[in-house]
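Several structures are given next for inspection.
Presented sequentially are two complexes of chain A, the first with chain B as partner and the second with chain C.
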Partner chain A sequence: MDLPVQQFRTEAEQELLDLFERSVDALPGDASIAAMRKAAIRTYAGLGLPHRRVEAWKYTDLRGALDNVPPLLAELDVQVGESELEAAIGKACLGLPAYRVVVAAGEFRGDLSDIGALRDDGVEVVSLAQMLESPADWLTASLEDAAGCGDDVVIALNTALMTAGVALRLPEGLTLQKPIQLIHLDMIGASGSIFTRNVVVAEKGASATLIESFGTLGAKELQRNAVTTVSLAEKSAIHHVKLQREAIETIHLNVWAANVGTEARYNAFQLSAGAALSRNQVYVRFDGEDGATDISGATLARGRQHCDTTLVVEHNVPSCESRELFKLVLDDEARGVFQGKIVVKQDAQKTDGKQMSQALLLSETAEFDSKPELEIYADDVVCGHGATSGQIDEDLLFYLRARGLPEDQARALLIQAFVGEAFEALDDEAIGDALTIVAAEWLGTPLE
Partner chain B sequence: MPAVEETVERVKEIDVDKYKYGFSTDIESVKAPKGLNEDIVRFISAKKEEPEWMLEWRLEAYKRWRTMTEPTWAKVHYPKIDFEDLYYYAAPKSTEGPKSLDEVDPELLRTYEKLGIPLKEQEVLAGVQGAPKVAVDAVFDSVSVVTTFRDELAKAGVIFCSISEAVKDHPDLVKKYLGSVVPVTDNFYATLNSAVFSDGSFVYVPEGVRCPMELSTYFRINAENTGQFERTLIIADKGSYVSYLEGCTAPMRDENQLHAAVVELVALEDAEIKYSTVQNWYPGDAEGKGGVYNFVTKRGDCRGDRSKISWTQVETGSAITWKYPSCILRGHGSRGEFYSIAISNGYQQVDSGTKMIHLGRDTSSRIISKGIAAGFSDNTYRGLVSAHRRATNARNFTCCDSLLIGNRCGAHTVPYIEAKNASATFEHEATTSKISDDQLFYCLSRGLSEEEAVALIVNGFVRDVLQQLPMEFMAETQKLIGISLEGSVG
Partner chain C sequence: MLEIKNLHAKVDGREILNGLDLTLPAGEVHAIMGPNGSGKSTLSYVLAGNEDYEVTEGSITWNGEDLLDMEPDERAAAGVFLAFQYPMEIPGVATMTFLRSAVNAVRKARGEEEFSTPDFLRTVKEKAKQLQIDIEMLRRPLNVGFSGGEKKRNEILQMSLLEPGLCILDETDSGLDIDALRIVSDGVNALRSPERSMLVITHYQRLLNYIVPDRVHVLSQGRVARSGGPELALELEKSGYAEYGQDEASAA
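Let's turn to the complex of A and B:
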């Protein structure tokens, strides 16, 4: 029964195509980039927006969530001062000693970024839009590699419509003493779509910490699509930290894709607290032996927020190690989704993979959906995953109350302890402390 | 530990031939013409002398099936099945007419004797001394050959007969419960089964009765190119208990045989059903040629409060297994259990698991799944645990472990966990590993051969599940585990 497939498009699906048609001439890039964009939009046109019947999006119906698509946001004259930055990402995170790079309202803001300092310290750093006009080989390679993620609609749309971001290259042996803090902002009162792409390349033995903070200046309706690709050469190390505090109406789609070389280490940590709907995808692929990754994070959601974290770790080569730990705190009618897939290919003997997701449901109406998946073709491996879901342990609560703590304080303490475990994955204490403060603020129990 | 010695001995006893049930019985059979259309459905219904309502039900299912497409989401690959190239009905000729053990074709009896299934009431299962009595319903291709111990069961009020008899003799019960757990429209294979099911077992245990013996059905596919579509319906009325065993084998044939069964269990208040399966269909030869496609829908409905359904399965056969025995925990305080050992070798593909759907208050479920992949096989555990809004205090514990033997096989775990209720407590853990070199070395240094050592370690690995099997089957299963792993080492 081969019925002809009828091409149905929802309004939003069509509007994304229209958005491309309208903006294609103004999008940055030389001919090779233009061709790449065209191929990507064709991929999208073939797939449409993902929905519940697409296995990888089983719990997040993006097609259903998008009613329409606002125009591309590209505004250079957005007033961004220290107070705006502080309001957007929080005092604690802004206060971290770091090289600052700002992308606001869909535009790279050289005036607000410490480009000079980064260059002085040996980092090759260029605005993405500028780089696309005459792409270096390492940028093209990275873009092409991401395009290889065949059926990922988020990446395809990003490739088609990316306007801003940064390209960073850490030369061989460079160790950055301070983290790079990349701040993504929207625009007050704005209704728009932002497509940003960051490319990070760490050459042999280089190491750095990259913090990506997503904050709001008060957008009305924002659709964000942010992709960061990270290539790690032999013995390099990247610590990649994310803080997401977008405006509550925002739709936040984010992909981190990392290729890990021999003896390289990629550590990722994501704290998600904002946005109406957020989907965080992390792809890690091991290309060289003895690589390691640790992907951890915490999701804090309340109201009707929907937060989805989807990880795919691909062990293609022997002797790599992966660890994942995610904690979700869900209140009101919030819905948390965790999907984690560990793939171990036939040659990836001696793989060591562990994964854990835990949800704490604070209200009767919160929901947690989890799909921890193992796909294993090698026999000499140790892989495991776990998932738990439950409410606050009444015994623990009773214990604390018996020690004289009022109930709400006792509750907050237990929640903090629950989330805190995930923060232990952060090696950098200062960053850990800053993010703990953000979490505590969310819980309504600011630390003294 | 005596169990260990016993295991090793059993492993030694195993014949060298890989699949010992692979013989075929030369017996004349009546077949419906090849292919499927409304006439075939009418033919089957007429053969079974079914009432009009049953035929209507089948035709309805058939029409529906024509509009459906095969599911493709499972992690199994096989050439497309030509549903027009199958016989949908095959029956040994001699079984037509009155049924009593004396009149059954001796060739058939010999077949069951060879398989170790006791059809004569004075006998007990081969090789087990002092075992309790087991009532058997023997299904050969499309028809039930004989059902033993019927009188004794009838005294207790238990109805145990083939489903075609039940349609005739107990239409009220069948009408009330058939399709109430697995609706006609459930899925491609269940709908196909609803249209063409030929036989299977029917069990009704009345209120407050503890079924006096184990009930069992033994399925045998014999005829070539024949699909087997059996349907089992078990109803445990308030406060009753029944334990049911299912066994299956098929001859070695080059072509693939289709087996699409539907099993429905209904447990009313305080009732308990224990359903055990030892599935040993022909898995295909060493090159992956032939074997049974086992596409089965099994579901239990804990309809009454405090009811309990427990599935235990040992899967060693079939070229392809696509099977998810599930529990709908509707009654408050009801409990579902799933214990599974799935062993795949050669080119077998297993995509199996369970669904625990928590609807009622204080429901609990437990899943223990052990997958063992060897040779070139793929072994997937796919399971769903969900708690609905009203399932206050639902509890689940899931443990699924996989063991890989050799480096050309795959073991996969795809659990779905959906908690819509804060007081639901779900725990899931899964591990995949290979037999540790240390364990193997230890066994070898104690003088075991490598194969014996593997069988021993594997038996230890699956112990949790084996303990759930009825005594009579434990011994048989331990042997089976040895058989399917033969040739996987070295």
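Let's turn to the complex of A and C:
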């Protein structure tokens, strides 16, 4: 293949190209998809892996972090029972009433998924691999739109190598009463690469909640690349929730890209607790007036974990509202990164955009890097941003201890209170409670 | 019984308590009065175990145990309770969650069984009612958006739930109007018992009309300058603190 020439490639950069060459014939999809994959790998070949001198990756040196690239993981016969699921994502989250969809070890698992129930309730749902063989127009449109994010290496690699996932379409006016819980798993003892893609299309007035839970069955040195695109037509609403508790050696790259139509709402919430290195990108683009988004979340990191949350909200049209609140709890030598870009185009008058990131540093060696970026070309807008980092307030600690709480418990309560504010963004109380339990478990103070 | 002997304490390198002696027998209520800067609040923080206050000399024993040797939470378990002059606001912690955590932590440390949820709720509701606290208020984050009176009533609610043996009330009357003062005082008086000692710290005599002390001590420059019966408070109300080194006007 004729690839653009990059002067120098690291071993991992070359291995990604080799991986594509080796796998391309077996990857699912018709000729149009194959062409899309080839274009995407060319994009990647031209860019290479991002590193510190790429502004959007200033604090996360992906090129430096990847020594090599393990083969594609595609195992259909991984044993997944209730106990494995419970261990992977936790009892509280597994117990949420939801339609369950499972993607394990790089394969969609129809046998573990409530596809029949989803279809009965009016959702068009197909395994991505199956749909790539004869893609519906809405799928192609979504894939092409994502491919339009020209310089995003994570999306480019995902388009080139995606093997599994689900395509979901909510027809006009459908309100799904229960959330859909999409469970992403790895494989015990495995070292491998997983590229999954999910496509969600909400037609006019449709609404649903999608929980994506990433859990581990005990993988070694997993590299995950997971992309979900969400298209929201007029007056539709999607609540998109993520729980990430990958294995501690995992590299986790994730993109959510949403296009928000007129009077539509896209809410995203992400709780990150696992993985050695995680990069969570959320892109929201307003295509219609009076749209709204709330992107919130919490990062819990310790040891040498590195967790990067990068948000880009594009206000292309007037009168849209965006809210961002992220809370990070960083212990030991953990590093938390928050980058929030808000772009307000010239036509996007009456934009209301607010952003806040707050870190609680539990050790002297933890690090928080925050980079707000506001690019405003309109003159009648309200935009604000803030970032704070601090330690536990000793006066509050004394107050709690004077009431009988032992120091550990008092600290945990204060950390929980700090994180808890982010959880208020979740409208669904049951999901909020389940994620609160996950956070409490991380703190070592399981709630009653 | 609380016994304080020759207590010296510093904060930020400055000596505030300077040889304070005080004995508070079981079941008695003693008032601590004195001008601003005389060491009243410092005494309360030292008793509760705030690490910002360094004890350089002297001893404090509570029912024969060395209080200075205990962590703040151990003191709470041993029955020491400080009603804060400025109760802390903690956004993100529901008052009810905080109350239950505190009560169960103390019960556990005392070797008592933790409250079940229904038992706890029943107890809280009963005690809240006596203090005219709306149960809705307890669902809000701890002290956040509470009025001065609500915060103080919340302190007394905690006091009654934790069943302390030594209650220290640090300027509980500050910021209270006359109705709130009456509610708070009734709450405190309801807790008076032969097993419970109280140290009521106040700048003004007014509170002592409602909570009548057995003894009154006047602090000046970090030690007890004078002790007497309840009539001493009335005398101070007339004469002021001028003879105790500092008057109100010069207070920090």
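Please note the rule applied: the second predicted complex is superposed on the first by the 442 of 448 C-alpha atoms of A that agree within 3 Å, B and C clash if a C-alpha of one lies under 4 Å from a C-alpha of the other, contacts with A are read in each partner's own complex, and residues count from 1 in each chain.
The rule we apply is simple: a contact is a pair of C-beta atoms (placed from the backbone, for glycine too) under 8 Å apart; a residue touches a chain by one contact, two chains touch by 3 or more.
Model, not experiment: these values are computed from the prediction.
A.B. asks: After superposition on the shared chain, which partner residues are touched by A:403: those of chain B (first), chain C (second), both, or neither?
C.D. replies: So A:403 only meets chain C here.
A.B. asks: What's your read, chain B or chain C touching more residues of chain A?
C.D. replies: B
A.B. asks: Go through the superposed model and pick first if A:384 touches only chain B, second if only chain C, both, or neither.
C.D. replies: first
A.B. asks: Have a look at where A:417 lands relative to chain B and chain C in the superposition and call it first, second, both or neither.
C.D. replies: After superposing on A, A:417 lies in contact with chain C but is clear of chain B.
A.B. asks: Name the contact category of A:395: first (chain B only), second (chain C only), both, or neither.
C.D. replies: A:395 sits against chain C, while chain B stays out of touch.
A.B. asks: Would you check which partner chain A:435 touches, where first means chain B only, second means chain C only, and both and neither mean what they say?
C.D. replies: Once the two structures are laid over each other on A, A:435 reaches no partner at all.
A.B. asks: Could you tell me which stretches of chain A are touched by chain B in one complex and by chain C in the other?
C.D. replies: Comparing the two interfaces on chain A, one with chain B and one with chain C, no residues are shared.
A.B. asks: Which residues of chain A touch chain B in their complex?
C.D. replies: Of all residues in chain A, those touching chain B are 1, 55, 58, 346, 349, 359, 361-391.
A.B. asks: Please give the residue numbers of chain A that touch chain C in the complex, ascending.
C.D. replies: Its residues touching chain C are 394-396, 398-407, 409-410, 413-414, 416-421, 448.
A.B. asks: Which residues, counting only chain C, touch chain A once they are in their complex?
C.D. replies: Result: residues 48-52, 71-73, 75-77, 81-82, 84, 87-88, 90-93, 98, 101-103, 105-106, 109, 117, 141, 158, 162 of chain C touch chain A.
A.B. asks: Taking the complex as given, what residues does chain B use to touch chain A?
C.D. replies: Where chain B meets chain A, its residues are 69, 73, 389, 402, 404-434.
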